[in-house]
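What follows are several structures.
Below, subunit A partners subunit B and then partners subunit C, in two separate complexes.
Presenting the complex of A and B:
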């Protein structure tokens, strides 16, 4: 009965934790990428051209319906061998682009739902008061469109955080990668993987709580 | 008589296959108070929405203070107006909506101040003072710090009028502004409109179902029926002397 050893647990802890910085960086960078790239989707889909709109919708659908793991492999292994446009990317950059683009398609939808939640009357009032295009968005539409999206964005942040271990498959040295490496050195994975689970719980749960708090605060503004 | 501030010239409007307006010719003079009456679906609201640039006419011209609203000159030819042109002309027009359309994320003072400051680039202090005066005038000076969600429907509509007035339009449009209100709140809104009509020198166009009120304050009454102006004239002409059977029938529904 030596499948569990507290000694090995305490050896594994600092080792696995040494990957935490990378995991957090990949998460934050990918999410930032997704937030920005989501804007691009939202903007492209607002261009009033049926064929163009249809094309964008299907590109988004394609990205969303393909497993992120396959996308990561494609970016890391297949992209470099494509002539002209191909280039070799570091594991970190591949992970950020792969996860960022994948989740940007969901985030673009969230932005769209936020914009659509602003009633027709608000657009008409903005026009009647002769707002410029930029001021209409900045002062009337976005301040109303953004708050309802916060809980959804928060949920995707946590979902994405839990997908970050996929990046270990292309060699990003996050906590899962470190746990695997510890396990193969000590011929036992149970402690290291348990630590990974605990770290994810310890970070996801408070994040979800904070998002809930933020949501309540935003809902009671006016 | 003075030059008209707004002219409609043979304006048509269709939504898909449905012809809503079938040739509107209309002059609105500065300071004139025009009431538009008629059965539902006769196109009353569409007339003023085209002037506010919320709907584009299918054909015809709308001239605002000598400038064609929906068309502009480019290389010697008349082409569809772009947003820049629309913004220039639209500045003379203000509108109050059936459903108020206040900005829920701003206090009522901010609702009044945002457009003069951000659209017209006016001085903040001056705008704030003017906005407070307007809110006092509609009886809501003490509520300046409230959000729209804290007000009744009648109060919201009074704020919406203050917001439109602070912009100092030359023509103010009222789109069935009491239709969404509880009956006991209609009076307070009509009082404000009456006050504006009596004391302000801008032109006003009211689309309304408040027949007695409209006839009371209007210089000119239009009876719109099936997409055309079936009758127009002073309130007395239209009400007392018209022989139009559709108008007589329409009015009789309000008189019993």
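Presenting the complex of A and C:
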């Protein structure tokens, strides 16, 4: 039976923290990827063709309702052996693509909800005032569609941050990976894992608070 | 086609674990959601703070970290061996999503119109009667879609139990992949297909739940 040791705790702390940069980088990169790829889904779903729309909706549903862990394994282990398009990806790139694509399906829905929240009258007004397609989006729709999505996007940023440790399973050397490797060297994981938990709490709690503040600020705009 | 059948029959051996973990952890999470959600609304300050702490800890960290932590900590802290990792998987997923669901429960209860509370009070109902007969039935309808969504999330979460050595669908998929790397794309696509087939009834149930919760009570 193993017992808690503060000595091991203080040994593990710098070791686990050395993975924090990677965890943050994966989070930022995959969030950026999801933000961009989310636009693709939103755009594809706006193409007015029932069959096409149905197909895109179900592809999104498929990606959204299957485990991101399996999707990571698919990209890391299976992608390289697919003929023609396959290529070997680093664990980092696999994690960014895997998590990015998975969460882009949620982000795409957020964009859509933002666009749909713009009142019908606004669309009609843009048409009545003879706005060009670009001006309509740039001056009427997006300035109104974007603010309500900010807190939702922020929440997904935090959710993605918490999913990033999945990438340790394919060898991304973030905090969970460092904790595991420390644990296997010292035959006890509990201190290192506790540190990982504390880091997550310490980072996700203030970010949630900031998002709440941001939400209040944006709601007060009008 | 033969390959797909072959892979499916191998993966099918893990179906039982994935489904039982999902059902057990979903029931546990619903229970925790209601207990914690109602405790958050309790008049007892200690109960409220304690539940708040539970919710913040489980919502603030990752499921995978919690799963590993419980896997190592439960035997250490309590000096007991639960006998199987199955129980640990259920506890981790249940506690994690219970924390999320408790916010759904709390949110739905406080969003029942104040007039309903006032009417119940005016009819001289006790606070228990008011909750049981007036508030709760209305709040549950609002909770349904979110419960559906979180059940799908839990299904996705069950894939993690392969990491603590449980023989679920993904576990058999990984075994197959390690013996035949060139088949990896097909194997993982079938694995994803398995999870999607399990998710489909949940997706339709969630859509149904959305309809129910949108429909007016009087109709």
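We take it that the second predicted complex is superposed on the first by the 220 of 222 C-alpha atoms of A that agree within 3 Å, B and C clash if a C-alpha of one lies under 4 Å from a C-alpha of the other, contacts with A are read in each partner's own complex, and residues count from 1 in each chain.
Keep this in mind: a residue touches a chain if its C-beta (ideal position, glycine included) is under 8 Å from a C-beta of that chain, and two chains touch if they have at least 3 such contacts.
Since the structure is predicted, the reported quantities are computational estimates derived from the model, not experimental observations.
So, does A:196 touch the first partner subunit B, the second partner subunit C, both, or neither?
second
With the two structures laid over each other on chain A, which partner does A:205 touch: subunit B (first), subunit C (second), both, or neither?
So A:205 only meets subunit C here.
Quick one: classify A:129 as touching subunit B (first), subunit C (second), both or neither.
In the superposed model, A:129 contacts subunit B only, not subunit C.
Quick check on the superposed pair: does A:109 touch subunit B, subunit C, both, or neither? Answer first, second, both or neither.
neither
Count the residues of subunit A touched by subunit B and by subunit C, then name the partner with the higher count.
Ranking subunit B and subunit C by residues of subunit A touched puts C first.
Now for A:144: first (subunit B), second (subunit C), both, or neither, which partner does it touch?
A:144 contacts subunit B only, not subunit C.
Please write out, lowest number first, the residues of subunit A touched by both subunit B and subunit C across the two complexes.
Subunit A residues touching both partners: none found.
If you look only at subunit A, which of its residues touch subunit C in the complex?
1-4, 61-62, 65-71, 73-74, 77-79, 81-82, 162-166, 168-169, 176, 180, 188-190, 193-194, 196-197, 200-201, 204-205, 208
Flag every residue of subunit B that touches subunit A in the complex, lowest number first.
52-54, 83, 87, 90-91, 93-95, 97, 99-105, 114-115, 118-119, 147-149, 163-164, 167
Give the list of subunit C residues in touch with subunit A in this complex.
Where subunit C meets subunit A, its residues are 56-57, 60-66, 68-69, 72-73, 75-76, 79, 152, 155-160, 163, 170, 173-174, 177, 181-182, 184-185, 187-189, 191-192, 195-196, 199, 202-203.
With touch defined as at the start, can you tell me which subunit A residues reach subunit B in the complex?
119, 121-122, 124-125, 127-133, 135, 139-140, 143-144, 221-222
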